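We call the chains A, B, C and D, going by the order they appear; numbering starts again at 1 in every chain.
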Amino acid sequence: MINKIKGLIAAPNTPMHEDGSINLGMVPKYAKHLRDSGVAGVFVNGSTGESLSLTFEERIALADAWAEQCDEEFKLIVHVGENSLPNACKLAAHAQKIGACATGAIPPSFFIPGLKQVADWYRALAAAAPSLPLYYYHMPAMSRVNIRMADLFPLLKDVENFAGAKYTFEDMMDLQVALEMDGGRFDVLMGRDEMLLSALVVGAEGAVGSTYNYMAPVYTNIIGSYKNGDIAGACKWQSLSHKLVQVLNRAPSGLACGKAILTLCGVDVGPARQPLYRYTKADMESLKNSLAAIGFFDWKDGK
Amino acid sequence: MINKIKGLIAAPNTPMHEDGSINLGMVPKYAKHLRDSGVAGVFVNGSTGESLSLTFEERIALADAWAEQCDEEFKLIVHVGENSLPNACKLAAHAQKIGACATGAIPPSFFIPGLKQVADWYRALAAAAPSLPLYYYHMPAMSRVNIRMADLFPLLKDVENFAGAKYTFEDMMDLQVALEMDGGRFDVLMGRDEMLLSALVVGAEGAVGSTYNYMAPVYTNIIGSYKNGDIAGACKWQSLSHKLVQVLNRAPSGLACGKAILTLCGVDVGPARQPLYRYTKADMESLKNSLAAIGFFDWKDGK
Amino acid sequence: MINKIKGLIAAPNTPMHEDGSINLGMVPKYAKHLRDSGVAGVFVNGSTGESLSLTFEERIALADAWAEQCDEEFKLIVHVGENSLPNACKLAAHAQKIGACATGAIPPSFFIPGLKQVADWYRALAAAAPSLPLYYYHMPAMSRVNIRMADLFPLLKDVENFAGAKYTFEDMMDLQVALEMDGGRFDVLMGRDEMLLSALVVGAEGAVGSTYNYMAPVYTNIIGSYKNGDIAGACKWQSLSHKLVQVLNRAPSGLACGKAILTLCGVDVGPARQPLYRYTKADMESLKNSLAAIGFFDWKDGK
Amino acid sequence: MINKIKGLIAAPNTPMHEDGSINLGMVPKYAKHLRDSGVAGVFVNGSTGESLSLTFEERIALADAWAEQCDEEFKLIVHVGENSLPNACKLAAHAQKIGACATGAIPPSFFIPGLKQVADWYRALAAAAPSLPLYYYHMPAMSRVNIRMADLFPLLKDVENFAGAKYTFEDMMDLQVALEMDGGRFDVLMGRDEMLLSALVVGAEGAVGSTYNYMAPVYTNIIGSYKNGDIAGACKWQSLSHKLVQVLNRAPSGLACGKAILTLCGVDVGPARQPLYRYTKADMESLKNSLAAIGFFDWKDGK
C-alpha cells in the first residue's frame, strides 16, 4: 500500500546563474525558505524546474543537491520523466539510491503514446526504482497526452509501486474517480494551485504546485479553513491565489515570471533557460509593481 | 441588477419523431417530468437541444411549446445562439415576446471571433431583447471560442442586461473570478454536471445541464448535502453522477446517448438528428444493461 | 458521369451595405467584373460569401441574384452547406430549381461528424437535388472535419450525383489519390489559390478561390504557362499570388481584407458582417498602400 | 553562401536489437543499401531515427558510426535537435568534429517557443558548430511549433551558417517564398515524400525523407521525369509513393511500420523503441501481404 502524500509539495524552480548554468549553491537557502513556509516537501526537476531543458548530468546534480536538504519531514520527490526511457530509468534508479521518497514522470511527449503505450512505459519505469512509489505526471497542456486516469490506473493495478498521479488538469471528475477507484488505493496530488479548493472537496489531500514556492501559507490557509468547515474563508484565500495566477497568465512566460517572483521574495533563482523568455530588469520592476498592486507582499505569508 | 438563477436548470433534448421531424406533442409530458423531478426551469434550444441542427422555424416552434409549460416557478431560458447574428437577434426578440425569463447564446463558431468581436456580438444581441438578461454560453469544447469570462465581462459592464455565463468548462478559477467580479454583479451557471460540487464550493448557486433531464434528484442531494456541511455525503452523490457520465463518455455520441437514457426513463424524445449517431434497438438494449449495471435505475431518483 | 469543372471559379464575397444588410444591387456589376476577368463561374454563398453568417432567406436571395447573371459560359455553383440538414436540403433543391450547374457543401461543424456520419449527410443532401452534382467542401481549418477524400469517396461511390470535392487544404497526396480513384470518376477542385501550381502538377484542372475575385488573370497565367511547359514562368506568377496572400495572412481578418481589396478594385462589396473585423477608412488607406508596395495594381491584371 | 543540397537524402531509422539497444553493427550494411539505391546522403538521428527516444551517448555513437560510411559523395547530415540547448550544442559541435556536412535541428517542443525564441535558439545553436550549415527542421505535426519559414528566415539573415530548412509540411507557398527570399540564399529541403512533385514544381531541388530508405528509385524517377518535362510520368511514380504512404498511414505507428518495411527489404533495423508500437511477427506477415497487394516489391526499385 502506497503511503499517500498529504499537504503542500513545492515544485522548485531550478536556480540558474546569469549565464544560464545551474546554481546549486542556492539550493540550501531555497530549501530553508520552503521549509519555513510550511511546505511538506519538494517535487524536484519537474516542469517548473525546467527539467526538459536540462542535461542528464544537471538533473542528477540537482537531485543530489536537494537530497541533502530533505528528510522524513521535508520530503524529496524526484521527477524523472523524459523522452528517452533509458534515461528516465537511470534517473529513477538514481532517485532511489539517494533516498527520495517517490518519483514522478511526465509521459514522452514527442512521440505521443496511446493509452496502452503509456501503461507499458510506466510499467518499465516502475521497475527501474522498485522500492519507490511512481506518480504519473498528468499535464496534458504540456505533454499532449490526453488520457484519463480513470482509464490508465486499471492498466497498472498489478504494478505494486505505481502510486497514482500528480494531476495538473482541471477535470475534477477524473480526479475524484481516480481517488475512489479500487478502494482508494491510488493517490492523486492536485497540480492546479488555482483550483485547490475544488479538488479538496472531492477528496484530494495533497498538492504539488509552483506557486507554493512563494505563497504556501495562503494555500495552507485554504486547507485549514476547509478542514474547519469555513468554506467562505477558504474561498477568500483561494481568490488571493487567483490574483497571483492572473499575473502569471498575463506574463510573456508564466514559468519565467514565477522565477522572477521567487527572486523578488528573496530566493534568487535567476533567469529561465532558453527557449523561455528572459526577464529584463525593466520586466522585474514592472512585475514588482504588479505584485504590489494586488497586495501580494501583504498577503503572501497568509496573514 | 440581474436576478440570479439558483438551483438546477435542465437543458432539454429536442423530442423528435422517428423520421427526424420535431415532436412538439411530447413537450407537455416532458415538462411535467422535469417539474416533478425538482428542476427549477429549462434552458431550451441549447446544444443538448441540438439547436444548431434545427431550422429557425423549428426553434421558434420549440420555444413557443415550452413557453406554454413555464411560469414563475418553472423558468424558461431560451438559447438563441447561432452563426447568423440577424437570426440570433430575431430569436432573442421572440424569446422576450413569449415571456422567457432570460436568454443564452453560444458565440459564432464558424468564423471564430476574438475577444473584442465576441463582446461586440453580445452587445448587439443584448439590444435585441433589452428586457431579458443574456447569458454568454461558454463551451469552448464545442464553440472553439477560448476566452476567459474574467476577460469578457469587463468589456460588457455597460450592457445592463448582460447577465453572465452558462459555464460549461472546467476552469474553476475563471468561474470564481467571474462570480466575484464587480461586486458579484454577474451570474455564472455551472454547466459541467460532473463537477457540480467543485463549482458550489467556489460560489456557484445555479447550474444548467443535460443530465438533469433524468437524474436531477441526485444533484439536488449534492446541493442539499453541501449546504448542510456534509461534504462526504455530497461526494457520494457526485460519484453516482460520475458513473452515469462515464456511460455518456464511452457512447458513440454522448448527446444521442442522453436522448436514449431519457427515453428509457419514460419520456420518449426519439433519435438524434444527423449528423449525430442514431441509436438502434440493439444499442438501446445494451445501454439499458449498462445503466442497470451501475445501478442507475435504483439511485437516479435520489433515494 | 460528372462533367468536370475546369478553369477558375471565383468564390464571391457577399456585397453588403454599410448597415450590414446584403446589397443585391451590386451583383450584376460584380458578375460582369468577374466575367471580364476570365473566370469560368462562381461558387456562391461559400465561406468567402460569409454564408454561415447569413440567414436562410438571404442565401436564397443571393442565389437568385447570381442565377440571373449566370449561363452555360459563366457557371453557377451554389454552396448549400450549413449545420441544419433540412435547411441544407432546401437550399440544394432551390439551387436545382434556379438552374445552378452544381452544389457544394461544407459539412456540419458544430457537432463534428465522423467519417460515416459525413457520408450519410452527403447521401441525404445529394438526394435533395438529384440532378445536380454535389461537391464536398473540404476545408478542415474552418470545418474541423479532418477526413481524407481518399476515405470519403469510396463510401459515396453509389451516389450518382456525388461529384467530388472543393479541396481547400494542402495535402496534395490526398488530392491526387482522390482524382485518380475509381478511374478518375471524381472531380477535385483546388481551393488553395496560393498552391495552384502544386495542384495542377498532380492533376487538378479546376480551382475555386477567393483571390480569383480580383486577380484572376494572374492565375490564368499560371495555368497557361504550366500548359505550355513553362514551369519557371508559372512559378513567377504564383509568387505574385504569394505576395497578395501574405497581405491577407497579416490582416486582422483575411476575409474582411479580401472584401476591402475587391472594393479597392472597383466592386464595392462593403464591410464584412459580424463577427468579422470591420475595416475602417484608415484600414482601407493602409491596405491600399500595402497593395501598392507589392505592385499589386500593376500585375493584378496579369500583364 | 550555403552549398545547397540536391537530390534525395534518406532519414535512416536507428537499427535496434530485439532488447531495444542500438545495433551499430548494422550501419555499414544499411549505408551500402542506401548508397546502392541512389540516395545522396543521410540525415542521421532525425525523427525517423527516433532521436528523441535515444540517450545523448547513443546519438553520439550513431553519428560516429554513420560518419565512417560517409564521404563527399554520400553526405552526412546530423540532426542535433533536442529540448536541452546545451545538449543540442554539444551534439552540433560533435557533428562538426566528425566531418558532417551539415546539421539539422527540430526546435524545442516541450516549452513551445514563440518566433523570436526560435530565432534565438538557432542563433545559439549555429554558433556551436560555426563551420557547418544548420537547417531548421520544420515539422509542426510533431514539434507543435507553428511558424512560417517566411517569418523565421529574416530573423536569422545575419547568421552566416544558418542554411534554411528541412520542410516536413504541406504549405507549398511557404516553401516557395522561403526558397525565393533574399536572392535565393536559403535552402529548403522537402520533407513530405508523398508531395515531392508538388515541391519540385515550386523550386525544391533536395529532399529528405523516410521512404527513401526503401524506395528511393521511385523518387529518382519522379525527379527524372519532371526534369525531362514528363509530368504525367512523374505523376505515375508519385502515385506509387502514395500507395506506400497509405500503408504507413493505416499502421498502428507509421514509424514502426517503416522499420518493418526496411527489414522486409533486407536491412534488419529491428523494432522501434518505446513508446512506439512494437511490430509482432504476425504484424510483419500481414504487412508483407499488404505490400505485396500494392505491388511494392515489383516497383520499389523503380523499374
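One rule holds in what follows: a contact is a pair of C-beta atoms (placed from the backbone, for glycine too) under 8 Å apart; a residue touches a chain by one contact, two chains touch by 3 or more.
What you see is a predicted model; the values in this text were computed from it and never measured.
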item: Of all other chains, the one whose Cα centre sits farthest from chain C; value: A
item: Rounded Å distance, chain C centre to chain D centre (Cα mean); value: 35
item: Geometric centre distance via CA averages, chain C-chain A, whole Å; value: 50
item: Multi-partner residues of chain D (at least 2 other chains); value: none
item: Interchain contacts, given as pairs of chains that touch; value: A-B, A-D, B-C, C-D
item: Chain D partner contacts - residues on chain C that touch it in the complex; value: 150, 170-173, 176-177, 180, 192, 194-195, 197-199, 201-203, 229, 231, 234-235, 238-239, 242, 245-246
item: Parts of chain C lying in touch with chain B, wherever the complex brings them together; value: 47, 50, 52-56, 58, 83-87, 107-111, 113, 117-118, 120-121, 124, 142, 144, 255, 273-277
